[in-house]
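Two complexes are shown next, each including chain A; its partner changes from chain B in the first to chain C in the second.
Here is the complex of A and B:
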């Protein structure tokens, strides 16, 4: 059940002295082990400004997820450069994903209120996401 | 202005049918199509204690911009990690602004709020038994 994440960052004109080329590859494994992550979920949607006012939860943190090696991919698929998605870990603003931007973030869930929330600003932002994880406390039926 | 491209590729066999994604972004300033042109450069830090250290100061970047943060744990030990947090200082690393853990070989590329009062980038290795080497770079307005 291997999951491999590869990154490439390049620029020919950021650094005056030489081109920039960063390459990184990681096989995603459970915390403190060499055992592959074995759970994932992915999805896509459209985030409107009004509906996400104040932020909506992309994924709740749970007890089983605390101190794990989860990774989160999120992409803002909007095309207007003034539209962005604000990312939060509970009350902490991580940053803004402007149109066309993506992120790949470790998410160790220091506690059960370390949820990931997203909020559209400027206009409707289509988005897609994937979460690779090793544990989650399931919600009991009502 | 500079042109900076970042590509991610993920392949997974967690679902039986497989999963893959491939996405490229060009890093631009907030609200327009002008390329980001500032960086503190590609840096490497070797840490031999579990003491938290500040990697980058938020004051170097523009708060609430389209800043990006890249960090990689260059080691191969999947039993040890470096915890990455946003904090006002290394001494406040025990507060709850942790982002996540980078185990050996793990990398991250995230947007960076760079609020000068709370968003310095702090790293804390899980072990002092071996040197933890971190490679990092910010791209900012």
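Here is the complex of A and C:
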């Protein structure tokens, strides 16, 4: 169940002396194995400033998820260049995705509080995301 | 102002019952870069500063800046794994990249991003794109 991630970064004027062209391809695999990641979840929505004040959880970390090799794709679909989504790994501010920006990064969940949270600033930010991950054990009903 | 185009494509013919083909493009208007670098990481412990590779130094770039990092090693389950952390943040581990894997992500620029490795000599390629602070 191979999922292939391909990234290209190009610019004709960022480096003064030569065009920039980077291409990278990766097959998404489970941690400590050569077995493909086989689960995925994705979604899209609108993140309002008020509703996300202080951050809302995009994906909770779990005990079963610790030290796994999930990959997270997140894109800010806003069009106003002053609107951004702030991304956190628990209390660590990873960075900001301004309108039209996206990110792709591994998420290994160092512990059960290593959740990913997002917060809109400036205005409502439509967004989409996908998380490629290992299987999860369902939590017992309470 | 320089323009950089970053495109990500995620494809799979068998992850879902239907084919997955996700593609996204972003145009970054930013004048500065650290330049594309290739560095060997030799430190094998987060507590051993010597041999760690600094990809982004705190406050060199204003927020947001984008970081590209690729682990150039061949994939191995447990060897040649690089770990990225925000220096100065006690709980700052953010990245774990096996051979052949990459990350493209924004950072605030407030912390220094450093890498150590499971296997001394692991080579990474890295770049920061943004605006000098």
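We adopt the following convention: the second predicted complex is superposed on the first by the 139 of 142 C-alpha atoms of A that agree within 3 Å, B and C clash if a C-alpha of one lies under 4 Å from a C-alpha of the other, contacts with A are read in each partner's own complex, and residues count from 1 in each chain.
The working rule: a contact is a pair of C-beta atoms (placed from the backbone, for glycine too) under 8 Å apart; a residue touches a chain by one contact, two chains touch by 3 or more.
Computed from a predicted model, the values in this text were never measured in an experiment.
Steric overlap between chain B and chain C is present once the structures are superposed on chain A. When the two complexes are overlaid on their common chain A, residue A:17 makes contact with neither chain B nor chain C.
Using the contact criterion defined above for the overlaid structures, shared-chain residue A:102 touches chain B and also reaches chain C. In the superposed model, A:82 makes contact with chain B only, not with chain C. Put chain B and chain C next to each other and count what each touches on chain A; the higher total goes to B.
Of the two partner chains, chain B is the only one that A:70 touches; chain C does not reach it.
When the shared chain is aligned, chain B and chain C each come close enough to touch A:92. In the superposition on the C-alpha atoms of chain A, the part of chain A touched by chain B in one complex and by chain C in the other spans residues 1-15, 20, 22, 24, 26-27, 29, 32-34, 38, 40, 69, 73, 75, 84, 87, 89-90, 92-98, 100-106, 108, 110, 130, 132.
Those residues of chain A that touch chain C in the shared complex are 1-15, 20, 22, 24, 26-27, 29, 32-34, 38, 40, 69, 73, 75, 84, 87, 89-98, 100-106, 108, 110, 130, 132.
Those residues of chain C whose C-beta lies close enough to touch chain A in the complex are 2-16, 20, 22, 24, 26-28, 30, 33, 35-36, 63-66, 68, 70, 75, 77-78, 86, 89, 91-98, 100-108, 110, 127, 129.
On chain B, the positions that touch chain A within their shared complex are 2-15, 19, 21, 23, 25-28, 30-33, 37, 39, 41-42, 64-70, 72, 78-81, 83-84, 86, 96-103, 105-115, 118, 135, 137, 139. Within the complex formed with chain B, the chain A residues making contact are 1-15, 20, 22, 24-29, 31-34, 37-40, 42, 67, 69-71, 73, 75, 81-82, 84, 87, 89-90, 92-98, 100-108, 110-111, 114, 128, 130, 132.
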